[in-house]
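Look at the two complexes coming up: chain A is in both, with chain B in one and chain C in the other.
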Partner chain A sequence: MRYKSAKALSKSLIYLVLTLGAVTTILPFLWMILTSLKGGTEVILMPPRLFPSVWHFDNYSRAMEAAPLATYFVNTVVVTVTSTSLMLIVTTLAAFGFSRLKFPGRDVVFGILLATLMIPGEMLIITNFVTISRLGWMDTRAALIVPFMASVFYIYLLRQFFRKVPDTLYYAAKVDACSDWRYLWKVMVPINKQAMSTIAILNAIACWNAFLWPLMVTNSETKRVLSIGLVQFQTEAGTDYELLMAAASMLVLPIILMYLVMHKQIIKGVTQSGIKG
Partner chain B sequence: MMRKRGLELGRWKGLLYVLPALVVVAVFTVYPLLRAFLMSFYTKYKFSTDTVLSYGINNYTYIFGDSVFQKALSNTFIYVLFVVPISIAISLVLAVMLNEKIRLRSFFQTVYFLPYVTSVVAMGIVFGWLFHSNYGLLNYFLGLFGIQPVQWLNRPSTALPALIIFSIWKSLAFNIIIFLAGLQTIGAHYYQAARVDSAGRWRQFSRITVPLLSPIIAYAFIIGLISSFKVYAEVYALFGGRAGPADSCITIVYYLYRQFYVNWNFGIASAAAVVLFLIILAFTVIQLRVAKRRVHY
Partner chain C sequence: MKKLLATLLTVCMLLSLAVFTGAAADTQPVTVEFWHAMSGGLQNALVALTDKFNAENGLGITINLTNQGGYTDLSTKLLGAIASDTLPDMAQVYNSWIASSLDVVIPLDDFIAADFDNYEDILPGYRAEGAEFGPTYTIAFNKSVQVFFYNKTKYDELNLTAPTTWQELHDVTKAYYEATGMAAFGYDDLFGMFLQYMLQNDAGFVADGQVVFNNEKGVEAMTFLLDLFANGYARTAGEDRYLSGPFNNGLVGGYIGSSAGAAYVKPDGFEYGAAAIPVGVKPAAMQAGTNLTMFAKDPAKQAAAWEYIKFLTSTESTVYWAMNTGYLPIRQSGFESDEFQAYMETSVVARACYAQTANMAFESAFPGAQEIRNKLSSEMEAAILEGKTAEQTITDMAAAAQEILDRQ
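Right, the complex of A and B next:
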């Protein structure tokens, strides 16, 4: 009896701590969205009110009038989709080359590639900036996309998946005179589509949220992405917190929506790559 | 004869598949790495024509004599020293609780992981609003406990703690998820045996959970250290593009950004980048050692 009540007590303590943690995690998101829907005077009300008395959905259109956020949004979508698609193609080809095919020096080259994982991207920014400007790519989409077309980490990860596909399948395909190219797209890719889509999602999230590099290489409105537009808006919006939160929501909400739909796959992908990597 | 040539070429076919990736990595990772080392010795450099007029070690003597760089180094180390252990401790407790037989586990898990996928910049701006001295939610809550409003982002003494709080909030997600995955690999029989010996919860935690999870804790430590040493976007977003009041939150990468993008001192910025690289390299080597030990036992 005593044991049972002690157990119930520790159970309720667990729920209490977990709920407190969950509230702390979710509150900034909630406050961002709620602030983005309040009127200007209500935002600076003390004590604060949780829900807006009038729901100001027009804050979003006002924010988009104050800064070309709609253009930035479209730019971000275009860059994310293009970058992820190209990354996926380049990564798939390389993972196949490094797992299934043989060529002289393959393992040495792969070893060198893996070694590049130790390099912090922040270190490459200055010299890549020079390269991009030499190429005449300053303030172009190419500057945002091309340097990230090959992800060594994802090549490594996908190669692990490709290696799990039994060799017998490959030899059977060879007997049927199936070329390597066909085998890759007709056999390997369909078998590993789960892993590939996880890689695509994780890459798309990283691309959507990218900040330092886009800050350096874009400066015109037509090329700028939303994360950069947001920090600029921060200095322009000044004290209009409802507009600033509306702009922040435009960057965050699409990712939250995607996360709500695919959270299982995303969490599994991060755990697998996190623990193996 | 011809068949033999075909075979010769065939040997290289695999290379074609990896070539696009190799070109990108060579141009945008390997070359810029080597060039960054070289550039850190450029003492006179013309960006417009990409010509180097003189070399030397002046950039290094400059940064190590620069009080702002020293401040950036010490800030970054203080930041890492607080963020990484605190985040790991909190994550560990939450992950252990999540691993109990509880309802809504997958709901909690989904909530806890959310900060991992959302933009640092956007959430930094949101935290800037939460930290607002007059209208911020945090000061309101503190006020409920009778605490006077704190000038979080306006005072050098509280700016770095505010940055640390934001980063801990942000970094819990990843740690919780990998700890939880690790906990699920610990066999239930360990705990059953412990219960037979009537070991309490704390004993179970300290004698079973932590030792068996130690490789993953070590891994989380290293990953946390490496990413925390690169802290930058958090600072930029929290303080509206500045490095905090009176540069009180300047970090190594922020220093690099300023020297490069604001002052156009390519050589000095590269020297700072090399210092960052060496710090991270040191921790990566430690990680590899830890990973090796993990395989052996």
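Right, the complex of A and C next:
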């Protein structure tokens, strides 16, 4: 009897903590959506009001009018999908090379690559910009995709996973006359599916949210991405929070949908790789 | 490389002059790339003006507007474009952005002399800013000025009037604070507050690469300002970033902010007033906002860009721009036009701006100016939050600024 009540107590405690966690996670989203439906003055009201006194659904159409969000949306999807797929291929090949293949100078090259992680991204913006413009890639999709095809951090991450795969598997495959290429795609990749999906997700989120780089390398509206649309609601003297939140709600919607559809893989990937999402 | 560029630019200049001495009709059909940082309603007004120019110029000129985000984004992108030689034909700039790269900017004096409608009509403060580096490199465009916004309902209730001097500001905010228990004052731009105070008291800030505010006058200014915060009369914008938010909700009785922010002043349940900012030994109202500058090397593009600059800065355009954005007309004739006079009847902010047109001063641009501005803003915020003494604050700020200056 006592055992049962203790169990019930611990269960209710667990649910309480989980509920609190869920509320804390959902609140910012809820706040964003509720703010997107408020009027201009109500947004900054102190003490804040949870529900709008008048529901301003027109904020969404106003936000849509302020920037060609539909075009930006298509561009963002194209850029995110292409760059994530290409990044996965490059990262997989590089990680395999650095973990399994033996060639002279392998560790030195890898060390040099790792060293580049120490250069802050801000410092690279101008030099990368110069490179892209010398290549004649200004205002092209290539400028948005190619620089993100290789990521040292992801290569490093995946290399660690690849190294954990026992050598015996490799030698067994070799005995069966399996080529390196075949071994990579038939053994390594399936074993490390979770780690790869984590990398893909992290990269997709980073792509979706990127702002400064896409702004730097594009000029025409037909090439620009969603995050740039958000600037439309901010000026040097203030911000239209309700419109900004309306646009932001539309911007995060696909990410939330992606999560709902793929949440099993995401959770697995995150817990297995120890990377916080 | 620089020499080559200089020669090239000189050749371009001569060629452009040749185009000019002909007639405006020599302007060839060209597309001019214009980078700006105007978003939302400001962008709509710019697009409307530009569409009009594109449709009516009759010279085959097309202006291609490109929004480059906010000011910081635009300046970063210009920096990259200077480094990679991919500058647009013209852009909106703060003078400090081009201070270190004047060799890529086209001086405008010859254009002004050859073909410009009454340059003297542009407000003296703007002309002075444009010629800050000697030749005229920029022409005023979206200009704002600092304005004192206050809770008129509360002021009337407490029998207070908008302060005209810093001492009055102290007394008024003290009275307001004591009567309501609420902060009475704030300044959107903390560094601007200090600079403004110094400027009005004939005290210098930076001269010839040396900090010159590390003295009695600096300490006096800082003591006065920090006391306002320490006593609770003033507050910072903090997380709200702009005081218009707390002001609208009645959490602060008044603040000094850019006239360009008037669109965000939407008080909740009270009437607001706007007045000229307080003055010290002499009046000086800080003007802000960017200017137009030209980078085009091709004479045909230069001529086309000039046509557009003339159009944007014409009395008619500047009045349209001011009435639709909250910025100010850049021309005296703009302020005096019937249209703007009628508009001022309805806009208390426009009246407060107009009252300051004779006193406008600009923040000088020098290499490192922007970095110093950012650094000292956070130094001041820290001083307010940590309750540092004025002497200590000035010493720290001077050291931080000098370090930046020495690096240039």
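Couple of notes before you dig in:
The definition used in the following text is that the second predicted complex is superposed on the first by the 185 of 277 C-alpha atoms of A that agree within 3 Å, B and C clash if a C-alpha of one lies under 4 Å from a C-alpha of the other, contacts with A are read in each partner's own complex, and residues count from 1 in each chain.
Simple rule for what comes next: a contact is a pair of C-beta atoms (placed from the backbone, for glycine too) under 8 Å apart; a residue touches a chain by one contact, two chains touch by 3 or more.
A quick note: this is a predicted structure, and the numbers were derived from the prediction, not measured.
When the two complexes are overlaid, the chain among chain B and chain C that reaches more residues of chain A is B. When the two structures are aligned on the shared chain, A:Val261 is found in touch with neither chain B nor chain C.
After overlaying the two complexes on the shared chain, residue contacts for A:Asn219 are found with chain C alone; chain B is out of touch. In the superposition on chain A, A:Ala172 makes contact with neither chain B nor chain C. With both structures placed on the common chain, the touch criterion links A:Val130 to chain B and to chain C. When both complexes are overlaid on chain A, the residue A:Gln234 reaches chain B and chain C alike. In the superposition on chain A, A:Leu113 contacts chain B only, with no contact to chain C.
When both complexes are overlaid on chain A, the residue A:Val74 reaches neither chain B nor chain C.
When the two complexes are overlaid on their common chain A, residue A:Gly40 makes contact with chain C while staying clear of chain B. Contacts of A:Ile155 after superposition: chain B is touched, whereas chain C is not reached.
Residues 44-46, 125-126, 129-130, 133-134, 212, 215-216, 231, 234-235 of chain A are contacted both by chain B in one complex and by chain C in the other.
Chain B meets chain A in the complex at residues 11-18, 20-22, 24-25, 27-33, 35-36, 39, 47, 50, 93-94, 97-98, 100, 102, 108-123, 125-130, 132, 134-135, 137, 140, 169, 172-174, 177-178, 181-182, 201, 216, 219, 223, 226, 230, 232-233, 236-237, 240-241, 253, 256-257, 260-261, 266, 269-270, 273-274, 276-277, 280-281, 284. Within the complex, the chain C residues that touch chain A are 33, 37-40, 42-43, 66-71, 73, 76-77, 79-81, 83-86, 144, 240-242, 244-246, 248-249, 251, 257-258, 260-261, 263-264, 266-268, 326.
Remark: chain A residues 40-41, 44-46, 66, 125-126, 129-130, 133-134, 138, 212, 215-216, 219-220, 228, 231-240, 243 touch chain C in the complex.
Taken in their complex, chain A has these residues touching chain B: 10-11, 14-15, 17-18, 21-22, 24-29, 31-32, 35, 43-48, 90-91, 93-94, 96-98, 101-104, 106, 109, 112-113, 116, 118-120, 122-131, 133-134, 146-147, 149-150, 152, 155, 180, 205, 208-209, 211-212, 215-216, 227, 230-231, 234-235, 241, 244-245, 248, 251-252, 255-256, 259-260, 263, 266-267, 270-271, 274-275.
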